[in-house]
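After this come two complexes, each holding chain A, first together with chain B and then together with chain C.
So, the complex of A and B:
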């Protein structure tokens, strides 16, 4: 392989695929990126064994086609440090040679035959959805997925297609976030699949062609044990999480007796301020709702306490309820509404944070008891 | 500055309890061991044995060589815990126990009218009499009285057994000069070497150091505390926070294989989980340790979403156990780490998880009512008799109520209830 690439575009692409190579692995090849120079572009691929990402960079020239597998943690810093507009990449059986102005690097390569094959996006997509819409749904839910649990199913994010709508649901057992959006085109029936949170994170961070680049569609292919997403020449594939996602519909409260309306920024600021006097072992704030006033208090044992008052529009009997401020903060910092609605019932029952349209977004949080 | 603290340290505690309960052991050298095996070592020795060179930590074979007539006695932790509570009651009849430091040490705060030397001495003698009367004449204690807890403990150690020593403010610091550095509580082997490295070889030299010098040696604020303690000042106690709950166990020879180690670990995990629930905590990490030799340990942990039930912990343990190396294990341990108090935990949204927690708590309640292992998960069936009660330096196990234990024996005769691990 011998090619010349625009350095910045190559670095951006490398940054994107390297999101899958950083984890600890016993298979060194999973820490590598595969470069395939063919036609007029170089395709970059990486996989962590579960998810795979492929994307292309237009080459300035390809003198010799071919493919190499290079450790990402060696290649990426070199490309970052080079200051050239163009870089030259060439390889033989042992080395990848990177040349810039006055610099030359030789990195040992691995055999491309050993690189795990990534699935192709074949046939027609089952689903097409607006890319910004899908990214919004993932941002609104991903933070609620379990990170550390013995129940693997909730380490993933549930995708539930129901007629013309797609819902994305995540939970860690103590809170649940659900976001919904309308699909542009569907040629499949309803389905439910659980997608690993890591793949969703890769999508959210690096899958969009260019951030805020206007409209872009995502084609989705759902297979029995994997799902493939494609936009342009970018393909993200991932195996599905096995297991049963909890029956989440049962935990969404069907009734409420109290409702608060409050500005998102006002509530986020108040929660952040009150949370300053909590600790990792005492993550709880107390929200006392009255007709026009919300008083948030917190206490850090042996350190002090905080009291924050903010205006609120509240209907119902006064209620004091405890929540983990991290749970509130996680949702408030990503929701796009200017005003949020909080539906409550009792101080030991889950509360619901949402926008005007429940189908667009809702967030169920279990309160903490605060009793000693 | 007044005499504010009385420190009561029971002499040769486990051995004294045995001598009290078994008259044939009185006046003879006694060594208490955790298990009747030649490979173990003495966890307590009577003063008769100490005079022959047999001390805590002496291996049994060495103890027999030093003292051929030594009586080796297997430890009875429940008896020591029971006696501990009798001791507390006896002391409380004289003055309030401010802090239980360990199973054989308590600290009491003297009231305003008890702080002069004569009054404090009278109170100490009253405590000794109450202990003799309520617990038996073999249970002697050394009492130290001083202006703070550290010095009171030092004073108690100055005269053993059955001693009484006061360190008055006017005695400071010269009364401490006769001590060796390791005689001061808190100066272990590491600190001793660090002091020597800084040219401090005696308590007199230690007392002459400035606050800044002490802070440098201790590498922090603790050095400043020592400056004040050595001069008889009382400092507010630093609140301690529980960070983990765990159990470990030296495997008996018949359990030194893969199956045995797993069985004991399962038992320890059940014990630790029940203790965690009883203290009102949830855990975020399970840590498992297996020793294959003094230098070869296998350690593995799994981070968890907040968890309190035994079934989920068992699932996590089973996954960790899959990665254990082959070998002949000698010691095992489990630790539940990153604890969070119940009041800061949101219960699960999902019924199944709440059911698991509820089941674990019901089992705890039944065991509290009817005795240990009246009800247990099926996964513990083969290991329920392993890892009996042990007493660590600072943790005093809880005993079931005596009447409840009778009920437990009755229930045992009728049936043993085994709950399957599966929650349907």
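So, the complex of A and C:
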């Protein structure tokens, strides 16, 4: 392989694939990036064994086609530190040779044969959805996904396609977030798949509208054990999480006897302030709702307490309920509504946060039992 | 004269019953063993009302004819032993001829049986020891034994029967032991029309283990096998990280019979030594096959103990079987390091010291090169930066070797430092007593006041090395964090019940049936801890609420260990002891582990809390959290003194 690449574009691409090579792994090849120079571009691939990412950089010239596998944690800092506009990359069997003005680096390469093959995006997509829409749905839900629990299924995010709608659902057993969106084109039946949270966060970071912030589509292909997402030359593939996602519909409360409406920023600010006096072991704030007034209190044993009052519009009997402020904060930070609606029933039953958007987004959160 | 009499036979039987029929579970055991001895391929046990109302065991074995039926309910009547020599060469489960008459003397017993050669079955009743006549009736080949109203004629014993749940717990345990030992026989167990277990005959014992204790456990088990000298040891052991809070997870079978044997237990414990925490127990299922003439099973009425002809040999074989497996298996790294014992520990500390001096010195001199020092070493730079020059000064002095410095530095520290909290004055600078007495091992254990500018690094993601007024400290991050958390939990729970996060998706945890009883007996303590558990099946509980302070802990595992611990502790330990054990367990699980990388902030926080926490020098198990090394010790090592 021998090619000349624009340094900045190459660095951006390496940064993107490094989201998958950075993790701890016992297989050195998973810490590598594969470069494939063919035609007029160089394609970069990386995988962590579960998710795979491919994208291309247009080459300034390709003298000799070919592919090499290079440790990403060596390549990326070199490209970052070089100050040239163009860099030259060539390889023989043992080395990858990187040249800039006055600098030359030789890095040992690995055998491309050992690099795990990544699936191709073949045939027509099963689904096309607006990229901003999908990003919105993911950012509204991803934070609620479980991390490394023994219930594997909820370590992922559920995608539920129903006719022209796609729902994304995440839960960690204590709270649950659901967001919905419209599919712009669909040629498949309804499906449910569980996608690992890791792949979703890679998507969030890498599949941003790059150049112009206009419309961009994401093409989606759903296969029995994996799903592939494509935008332009970026292809993200991931294995699916096996197992059964809990029947989430059952835990969404169907009734409520109390409803509060409050400005998002007001509530977020109040929660943040009250949370200042919580500790790791008693992570709870107390929300006391009454007509026109919400009082949030917290107490850090042996350190002090806090009391924050904010106006609220509230219908129903007064209620005092405890919540983990982190859970409230997670959702309030990302929801796009000016006003949030909180439906409550009793202080040991789940509360539901939503906005005025026809039940598309909702966030079910289980209270913390308050000690008396 | 006249005050001593030969006892009536019924009374003899009732006394014998006291030995082998303790509770419904023993009835199940005796009957199932008889069925197994009769060569049954399928055994069905039906229990009503915890065994109080009915224990019925039906098999499809060889059966008995009318004459045998009459005999079988007589004391010391058995088909299994004929002469003296047989007693020392036992291949059957039973042999004493005690079970049926004993059971018959304390219940309403009915035995129905038919042999292959006979067209009709016969049934015989024994009512509180009164033996009836065999009468013919219809029935399949095999034997069905019904035991009704157990202990109805011994009210004292009946009174001692526990709740259904407890009795079923014991029955399930006995049942599991028998079913594990005989995978080739199909079993079923029903209680009040509810099916607890339906086990198909299988060639794979691991399948049985999965049936009883869940596929998650069965999957991680490591097979062991060793044969030699007429002893075959085979079975499965769990890797050390799957240890449990209770010793009940060690199942030992000798020639198909479940026993508790101190030699085998000791061998298992030896094999796991230094691989698991001393307060934890291994999970093991061991099946030992040995020539019956080399083991005496006639030691205990319920045959739960054996006497080996050569116990040392058996011990050696068991130990070797497990050890070989462990040596050939890559066990979980973090656990090994976590409980590494003396030699390895000392070696690591020494390596740590070398690291500290080679790299720590560099980092002080070239603070900008931190990132290149490598991921294993993490220098902490906190808000103490303005003290940096003084710290460097100290280091320079060490290099100069001016001996007066150790004493000279500490007053300076005391003046501009936060109050020095020294719990005990051991290891005070300038007092050479410790070093003098321990000159062979220059490590002195004991607290010491850290410098006002604690520069600290984490090494091997396990230890934290930091500077103190008169030398340096090496801290075991897990042990220290555990102690800090323990103290905090204790203070917190003394205040009010723990806050508990309710679960949106309640979590179902599979536990052995005999653990369910603790839900009731320890309801109060569970509530104080903010743990809400309900029974959701014959072998499962559902978790509805979990304390917020354990939010990073694996709930499944915690609940299993919690129930093990409560179960192990029996019914009434002092609440104080129990709480200590529980908080200890919580602290251990919530604490950072050896091998966890810490951020600079986390290290700084840990060091600050070390000073606040009471008794921070030792973890709740009593192991030291901190090794202290004074300048004087160092100088001695470098032959400057």
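Simple rule for what comes next: the second predicted complex is superposed on the first by the 366 of 372 C-alpha atoms of A that agree within 3 Å, B and C clash if a C-alpha of one lies under 4 Å from a C-alpha of the other, contacts with A are read in each partner's own complex, and residues count from 1 in each chain.
Please note the rule applied: a contact is a pair of C-beta atoms (placed from the backbone, for glycine too) under 8 Å apart; a residue touches a chain by one contact, two chains touch by 3 or more.
Because the structure is predicted, anything quoted here is derived from the model rather than measured.
Peer 1: Is the arrangement of chain B and chain C around the shared chain A a clash or a fit after superposition?
Peer 2: Overlaying the two structures gives a clash between chain B and chain C.
Peer 1: Quick check for you: in the superposed arrangement, does A:225 touch first (chain B), second (chain C), both or neither?
Peer 2: Neither chain B nor chain C is touched by A:225.
Peer 1: Just one of 527-535, 599-607 or 617-625 in chain C hits chain B in the overlay; which is it?
Peer 2: 527-535
Peer 1: What is the shared patch of chain A, the residues that chain B and chain C both contact?
Peer 2: Common interface on chain A, chain B vs chain C: 149-150, 171, 173-176, 246, 251, 281-284, 301-302, 324, 350, 364-372.
Peer 1: Can you name the residues of chain C that touch chain A in the complex?
Peer 2: Within the complex, chain C touches chain A at residues 488-489, 491-492, 495-505, 507, 530, 545, 548-549, 551, 554-557.
Peer 1: For chain A, which residues count as touching chain B in their complex?
Peer 2: Interface residues on the chain A side: 146-150, 171-176, 246, 250-251, 281-284, 301-302, 323-324, 327, 350, 364-372.
Peer 1: Contact residues on chain B for chain A in the complex?
Peer 2: Contact set of chain B toward chain A: 239, 241, 284, 302-307, 312, 315-316, 319, 339-353.
Peer 1: Help me check something: in the complex, which residues belonging to chain A touch chain C?
Peer 2: Going by the criterion above, the answer is residues 149-151, 154, 171, 173-176, 246, 251, 280-284, 301-302, 322, 324, 348, 350, 364-372.
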